[in-house]
């Protein structure tokens, strides 16, 4: 008799499983979990802390807060950041001061660990919430973060 | 009938099959050299190294802050717990006491990571035995956790939220609310998992009595995590060597004694419930305070050897650091759970069918970068 | 063999014309079934399914077909070329042949033979030879295992398909499909035969799903075990034939089920009896309901293991089927059928 | 069992054992390669120690010496011990295998062989595990050089 009992129980479990998928099927309009990328580019907002790429914010006078201390370069585990700097005369104080020439960021090598941003004493670099980083040419992934002609914001010291 | 063939003069040859490194059931780049006789497995020989990045060697040149982000890439499904392991080792070596807030947050995120990992495992488990829909249901729930992570840590998978001495930044204001939402949501979903897959007669037949691992063998093979607990070997690091805030919570260690694939499966389902209960105990009681203690910019560990065990979603992860007092470890070894668990695959798969191999491999829950490191 | 074509007169040109129409309709139907499967799967799986090509993604499978046609045909060097190329045609032709005998409406039936059911059972088991050939000839170990599993599976489940249909033939007393439908004017067979008919229908659906090598009986392909099974080494149009054949076979199994159990083109309670051409909608509607049931199976259940597959057939389905025939014979003999 | 008790117990078994707890949270035992297998067998079989769980096998290159560190735990007594074995022979370092005592050692010893070139006697399958068979050198040794792929900071 357990033979027929097994068949009955077996069919019952199968129907239970079908009821689960069946419910999802009937509600398919409401509970689709996929995103319609790239159609939803306008509405797709990343969270504020999302690590897209490292950027250096500039103010309207084309000034940044990077002092060229190279702490981010040292903190980076895989050499994604290179800073080219030299000592120039600071127009305000008239003293020689370390200034960045180029803050080079290799997005292609970056693992988005966030150690550089943790290490930065002046908050000169930040995360951008940009998620479309694919390019056709690898060299485009090497970026210079400071804008041409930019200089350090007055009063920022490390 | 077998004996007849063996005694006759018929010549038979072993049939070799290369399963992987590109195979749907090996979840990555694991290569298995199978010796089969018809459908029956005679020998399984894993061939590793397709994704070996030599994290141990890289760690010897990195600073202790930098090592943490490498561990994200080992067992990427429990990246937070891996981070935590390294941070705990460094903190213990430096004798830093992290704030209570850090401990609680680490534990909550660690348990969320465990649930996320088990969700993915459950989906893939179903897919390996042929029920493709489970994959999406598992991902639906995992996605909620990933959103919580993304909001707080900034990344969904390789979070790198821990630093030696605490956390990189404080939790997001929405963290508690979202986590509670998830817990409420997920409590209705685990019964659905059971209805869809666990109770299913085909699934039961596929798993019961398949890939049997005795308790003695589990210990001898160095199994840990749900694999060992499915064989009745009580080995939860969270119970025996509690770390972070795990000594403040009460939970049961999921334990089954059958040692077959179904037991390992049920242990993981049970673990999801236990993780939910741990989160519920902690989420309302996150103490106020700092989210990190100040450490020196260049961390130098004292001379000596340091070992730290943690329980990842796959089992016992060990971090062994041999320091000579410099800013880099002299030698760093990760005892990864997947590596030991893989070594018993041959033992449990021999004598079964190809389908059994796939099913028992799924219950081992292998993550290949964890094995290859 | 009696050859009767109802629609047009019997000459070579017309036969070719009918063949062309059938081929055309069913390639499109196959493509539509592929689309339906993808949509249904998506709705089961919290997704939206194809929705980019054409309105609601209707042209998606057309695009896929174009892609497959224009793809390079690859294969292994050591394959047995003749058998390797023959195999897909075997599969697709055998499944298209089966379509000829279905009565879509009272008028619309290409080929009404008096052994219709017998013909269908015979034809539907020829396809496995193509699968065996394909798996064997492509000189691939996974393909060979898949092909061997297919042989085991089809030989076993043919019995259940056949026997469950034979159970219903006890009620109808004829093998001719048009007459089977005539009989059902006094109640669909699943109502006429009540308990044994329902059991026969359940067995038929299980065995039919297995016969088409679909999940949960997709041992032949078994993605997580064998990669792609017997068609591992096929690409382009040759793969498309296998793919299309699977869907047409699914349609055939559902169509047989409709004809034998659910009254074919007959409308429920004879509500549209006065408009005969509406029969095709009833027929297709019922068929797609059964197709949907098979899809529902596929997207819910895990796969059986190869030995459990045989256990299910030989220890459960076959004995039940034989008992069921006896039961049905008793019911017919004692006149306990339900006639409306 | 406490570390002292363990030390007192084990000390009588084998000559020339060195015990230390310095710079480690566990009791460390250094053993000569010729007594190594005997010690390990006793650690597992003795009912008072019963170290049945070998959870970590670490290959080490101390600069001059090559060696292996075994972390052992007892699942019944829940105590942990560390066994170290080392040799100065860098050309052909060889120890006895413990894969006959703990099955997990089979894989872990292959890993050690792969990265440190330490061979294990009586090992059932002493081959490279991660690297290809034709790989030259042993990458985790301190004197390993690969000018192309290794970036030294």
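Quick notes on this one:
Should a chain be cited, it is by its letter among A, B, C and D, assigned in written order, with residues numbered from 1 in that chain.
As a working rule, a contact is a pair of C-beta atoms (placed from the backbone, for glycine too) under 8 Å apart; a residue touches a chain by one contact, two chains touch by 3 or more.
Chains and their UniProt names: A = NADH-quinone oxidoreductase subunit I; B = NADH-quinone oxidoreductase subunit D; C = NADH-quinone oxidoreductase subunit H; D = NADH dehydrogenase subunit C.
Given the structure is predicted, the values throughout are model-derived calculations rather than measurements.
Taking each chain's centre as the mean of its CA atoms, C is the chain most distant from chain A.
Remark: among chain pairs B-D and A-C, B-D carries the greater number of C-beta contacts. Centres computed as Cα averages put chain B at a distance of 25 Å from chain D.
Per-chain Cα centroids separate chain A from chain D by 42 Å.
With each centre defined as the average position of its C-alpha atoms, the distance from chain A to chain C rounds to 51 Å.
Per-chain CA centroids place chain C at a distance of 62 Å from chain D. Residue positions of chain A with contacts to 2 or more other chains are 14, 17, 20-21, 24, 33. Shared interface positions of chain B, i.e. residues touching 2 or more other chains, are given as 133, 136-137, 140, 196-197, 200, 202. Residue positions 44-47, 299-301 of chain C are each in touch with at least two other chains. Pairwise chain contacts present here: A-B, A-C, B-C, B-D [touch as defined].
Against chain B, in their complex, chain D makes its touches with residues 22-26, 28, 52-56, 58, 60-61, 69, 71, 75, 78, 82, 102-104, 106-108, 111, 115, 129-132, 139-140, 150-153. Touching chain A in their complex are the following residues of chain B: 62, 65-66, 68-70, 72, 133, 136-137, 139-140, 143, 150-155, 158, 160, 163, 168-169, 172, 192, 195-197, 199-202, 204, 297.
Partner chain B is touched in their complex by these residues of chain A: 9-10, 13-14, 16-17, 19-21, 24, 33, 46-47, 49-51, 71, 75, 77, 111-115, 118-119, 127.
The residues of chain B lying in touch with chain C in their complex are 15-17, 23-25, 39, 126-133, 135-137, 140, 196-197, 200, 202-203, 205-206, 353-356, 358. Within the complex formed with chain A, the chain C residues making contact are 40, 42-48, 296-297, 299-301, 316, 320.
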